Amino acid sequence: MNLIVVDEKEVDLTYIMLKKEAESGGYFLNPDPEFTKNLVRGLMKNEKRYGYRACPCRLASGKKDEDLDIICPCNYRDPDLNDFGACYCALYVNEAVAGGKKQSEPVPERRPPRSERGKKRPMPTGSAFPASTLAFPVWRCTVCGYLCAREQPPEICPVCKAKKERFERFI
Amino acid sequence: MNLIVVDEKEVDLTYIMLKKEAESGGYFLNPDPEFTKNLVRGLMKNEKRYGYRACPCRLASGKKDEDLDIICPCNYRDPDLNDFGACYCALYVNEAVAGGKKQSEPVPERRPPRSERGKKRPMPTGSAFPASTLAFPVWRCTVCGYLCAREQPPEICPVCKAKKERFERFI
Amino acid sequence: MNLIVVDEKEVDLTYIMLKKEAESGGYFLNPDPEFTKNLVRGLMKNEKRYGYRACPCRLASGKKDEDLDIICPCNYRDPDLNDFGACYCALYVNEAVAGGKKQSEPVPERRPPRSERGKKRPMPTGSAFPASTLAFPVWRCTVCGYLCAREQPPEICPVCKAKKERFERFI
């Protein structure tokens, strides 16, 4: 596995881009640059290995459909930031941890077991929710919860930069 | 028409600003700088001519009310990015085209014929949608689908930078 | 009160950061740098005094719970930008005022009297609004109206950078 080599200049560049993207959306990278660049290196290796940036701290299946929820930023980042001050890898931390005012807590694995993964939530149905009265469907980013109303989801989530495949129909 | 002259330094500056704005919202300008600057030049000429940045590849009426849907970014950009990888002008492209991995396809005109334009969609009404139980009306950006709940739409869409007049009541 | 001193280099840095943050979300700071830096100085003094950036033009109680609505950006900024072209302090202005094309108008105090403050709006209830059919609760930023659907509100509003405590349940 370690034979996959990534260019160190690209690691630095990717680190800078992720940091900028994070901050523009109200997120923070881990304040320890060496620790963080090591995670970035892992992301880039996974990108070469699988074709997508699977979480560097979890075992990916290599099948994109099964791994969608752990493509970084993963679907569990935001609840983990809320409950523990950091994501599972501690690549992302909350403001208090970023500013050195708090330490993040150990983060338990929140990902459901394999048998429960990848199930699409059923759409709200029945006369209870009159989605048909809305002019457009409402889409939800499964990573950050961003909502928008349009024919199709956006190419890239404007808030967390997750790709279109991470959106689900919400209403 | 060609007598309208724009300052080339301003073209460069506007190009840089549009590129930055696009990327902060998850959009991409065409990767060919000369092609793109030519479109920017067209936008700036239209701004001088009409007072707003009408699409450089369509014939504007000069009446802002009738042209709202083709003020750049136009209401058709996002569906066209989704279906063809580029907007009608190819000023905006999707990530694959921006990165040189794909070529955009020819984009047919999606704008409705004149007789069907500018009609405001009727608000959802009736007991089917209980908007009255919400604390604020929900507004939708007609360009990018951004949703927000407040007394009035924002001055500028935080995602795509469209102006207030491009918002419609959604709920 | 004036014994609270803030470092002038930090004022300059905070001014630059606020300006950048404002523009990335479609907002504008007052175009007069000296006037604006004076307000930034007031915000920083309030941060030292109370622990949060209470509005520099209003009298804070010093109890965060009672002052949430006037932590800058205050809950009244966006309606005031809409109606008068500036917030109560004129720290934030709309695009026309920022570009020198208009002057802002005097802004009356929109904050409700003390007896009516801090009341949480009751959640929409009853069979009229079938929130229970949605997969996630919908949260609303009380500052800018941003909506998202997730277990808990985000740490920081991606649009206006208000903190989690400024969110309310919307659906």
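Labels for the chains are A, B and C, by order of writing; each one numbers its residues from 1.
Here is the rule we go by: a residue touches a chain if its C-beta (ideal position, glycine included) is under 8 Å from a C-beta of that chain, and two chains touch if they have at least 3 such contacts.
Computed from a predicted structure; not experimentally measured.
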Neighbouring chains common to subunit B and subunit C, by label: A
Equivalent interface positions on subunit A and subunit B, same or different at half: different
Whole-Å separation of chain centres (CA-atom averages), subunit A against subunit B: 28
Contacts with two or more other chains, residues of subunit B listed in rising order: 24, 147
Touching residues on subunit A, where the partner in the complex is subunit B: 24, 130, 133-136, 138-139, 147-152, 154-158, 161
Of subunit C, residues touching subunit B in the complex: 24-27, 78-79, 81-82, 94-95, 121, 124, 126, 128-129, 140, 144-147, 159-160, 170-171
